[in-house]
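Chain lettering (A, B, C and D) follows the sequence in which the chains are written, and residue indices restart at 1 in each chain.
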């Protein structure tokens, strides 16, 4: 569905709702030359760049937050195999907002005075522009809007027509879901249309934007999905450790991604007793 | 006598700079621990904000991610990034932001992106995340770092987040919303900024360290005032609260103290 | 024979231009009645959007306001104005918008703001509301008006919402997202636009009216094709549905037919 | 609290949650020279301009929608006593968004080619600017952001610290509540903090933005408040009719606004049996 060379808005934020199952599937399908646009992602970017699927990214952040640096990314950048065009989180969020609004740029007050303005990896003059405000005369930074080929979003639930509800924080997924030319939703569960229409305010993504829906339980494992499951800290620590070396990362890649047929097989390999222990307790949501 | 690790000292020291009632940007890691510690001790009414979208958060356990659901429980609003970084931060509503960095220069400018030349970086670091936004727009910035000569450099490999840039007038030139860095806290000392030159100045030295220790671990000319007091030690209450907030030692390191 | 009022004829005629499955901007008044009528008859799968924030609305009674809670019941999403006018409309997702106007010129440009000179207006009308946004960005625009010589003018007192502006190339000059007006429906006739000149052209005349009646009530040179058919009459089903949707006759007028 | 000459963002949209009780109070306090910024308002603007409180407005719309033209506004504009700077709904919403984001302008694709660009009532060059996009070269319209002295918002419920929840549509109130220098909330009811924190996603306005809260039941009468009460159609029709003539409008002003001491006295005058009949039926919300 996603041709080589496509640009993708990548949903989720930090440990919350990253579409990791989708990243693994892109790897299994041997996609190449994808460009990723997101504020920040973690395990998903690690496996995508580790597997050679993504040579270019326009992002603000990559690491496993509290656990430490993104080792695969660090290696691939040092090898010259991955290029990152650096923005701040607000800059990326504004680029998605501009894309969703279908205007060519958005103004912001960050980034000025730093190397994020002075240096560009590959966009050159099209990375951003610092202008004198035509109303106030002050300096203001314009960042170009993004309308990528696809937006990939992980939501808690959808109905048959594609209305998707997200609980908990949304990060930049509202804007991100609307900026792509096509929108693919990974949802933890399919619910009745009545349930959606009973709480229309939770429908963060109306069906009219949605092109494809994939029902994918535990799509974020080893990360979390608010109200559905917690992160798998032990697995995450193991993952972070094995990515320190190319050999152990390649073993992981062969075992947990290429070595399984699909996401269901991955979950079977992780083991359902382990997964069930991660299930969220109400009302705390993790 | 209170026993504490370097990390615990750092967190306790950072937390003392948070004032009650302030709007505080939490993040994760040590800064978050410091903010949570403040909220559990002397600054119970701070409004803890996570850039991912949580407002007035009251996590019972320390979140591992700015988007961790642990931030949700008991928060008063759960919105999105445009809200926190745009409506709140860029509009000037954040009193204190915390940042760490791999490198800092004498004006408090920060590098969290690359070690080595931009054209062929040796190490890719996390990047800005919301760091540049926080450094641009928070009223005060508290910088937390472990002390190391390679981190306190004359020339950054990459300027990710603005400190006082090139000194007086620099932030005004870019109409920056926030006031820039106020204090830099390491496991060795506290530093503030000379109001005239906006260059880093030694403020206090932690127990067990000397002014010379600090000077040996800084690669630029650090301003040394005549009187350099010793930093207050953490209290037992602070240590206990930190252990309760991070029972698995994710931030404090295994073993706690 | 089906009995109907002028208003009912107008609404039924307008509703026939909505195609099933389309994203439709509803508004209030006659346009909304037309959209709801379409949804209840030949176009059950239209996605009815109210600019105030309701998406895929299924009101059981006719709302009196774009923000009426009657729009909420059974809708699939309830968001805000930036969503509907920005993310949906300006991004090019709206297939059909409906607009009314106090004045229209031969290019389908609309005035909903002032009668009389801008400097000292005689009558203040509602203004643009979302009208200009809809006229700028909806793929197709259906204009509904009561027929009156003073409304079909050579020169608008005020250009609120863009039709085809000054003709071919005008909308492209401003990079407009939408295609502009497709049809103008009055209680006397239907008009479309000549593809070459983008000027208004007579399309069909309603039963009981002649081409001359129309010409007598237009103050510009209306293009008249050789063959001007008679407009189809509403069906009894359409009349019944309208009476059910507007039981108090707010839009249809007291007395219904 | 609101000094003469202030600028006010005015919340609510159409028939939904207009802060009419606040408008009446401004009239009773004989405020003068206020400027109103809003997408569109109806009864509230009618009484404000009718009573001579508001000589300037930057708005997109004024009418009683389905019922017809705004008669008081029509008269006051014809008399030259009220000036309106005209924008479109999206333009006004973007101006509030820009104010909330604290950037000086926002780009949009509407308004170009029309008299809204060609003509200005009093802002002149500062009404908007049409520029060539520095990224794409296409024409784009920049509208100046607004940060008025006050934002006035009507919400369903608040807690003691000021967290305000809005149900149903929000119109432009999210952006509008954040763009003002001070924020005043009119709420239908005060609820426990626990209730707010149990559903934080409904907290459309966090307490940190809020300066003042007034608990005001039926603050929108004769308009509606989602989930609380419907509009009072009979009263509304009466209101629309009496505004056709200056004499009958003045009678209304004397009777229902100046002739009552406060909002509670207004509600007493309307009558509680009448008000109770307007109360919303669950789950339909009106």
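We take it that contacts are C-beta pairs under 8 Å (C-beta built on N, C-alpha and C of every residue); 3 or more make two chains touch, one makes a residue touch a chain.
Everything numeric here is computed off the predicted structure, so don't read it as measured data.
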| item | value |
| --- | --- |
| Chain whose mean Cα position lies farthest from chain C | B |
| Interchain centroid distance [CA atoms averaged], chain C/chain D, Å | 26 |
| Between chain D and chain B, distance of the C-alpha-averaged centres to the nearest whole Å | 41 |
| Separation of chain A from chain D, taking each centre as the mean of its C-alpha atoms, in whole Å | 38 |
| Residues of chain D touching at least two other chains | 101-103, 108-109, 138, 140, 168, 201, 283 |
| Numbers and ranges of chain B residues touching at least 2 other chains | 54, 72, 78-79, 82, 86, 90, 177 |
| Chain-level touch network, classified as line, ring, star, complete or other | other |
| Pairs of chains in contact (touch as defined earlier), listed by label | A-B, A-C, A-D, B-D, C-D |
| Sites on chain D touched by chain C in the complex | 12-16, 39-40, 59-63, 65-67, 69-70, 73-74, 77-78, 80, 84, 86-91, 93-94, 97, 108-116, 118-119, 138-140, 168-175, 224, 226-227, 230-231, 233, 280, 283-286 |
| Contacting residues of chain A [partner chain C, same complex] | 100-103, 159, 161, 163, 178, 196-197, 200-201, 203-209 |
| Contact set on chain C toward chain D in their complex | 28-29, 50-54, 64-73, 78-82, 85-86, 89-90, 109, 113, 118, 120-133, 136-137, 158-162, 165, 170-171, 173-177, 248, 250-251 |
| Complex contacts: residues of chain D adjacent to chain A | 98, 101-109, 126, 129, 131, 133-136, 138, 140, 142, 144, 167-168, 198, 201-202, 283 |
| For the chain C and chain A complex, residues of the former touching the latter | 23, 47, 54-56, 72, 74-79, 82, 86-88, 90-93, 177 |
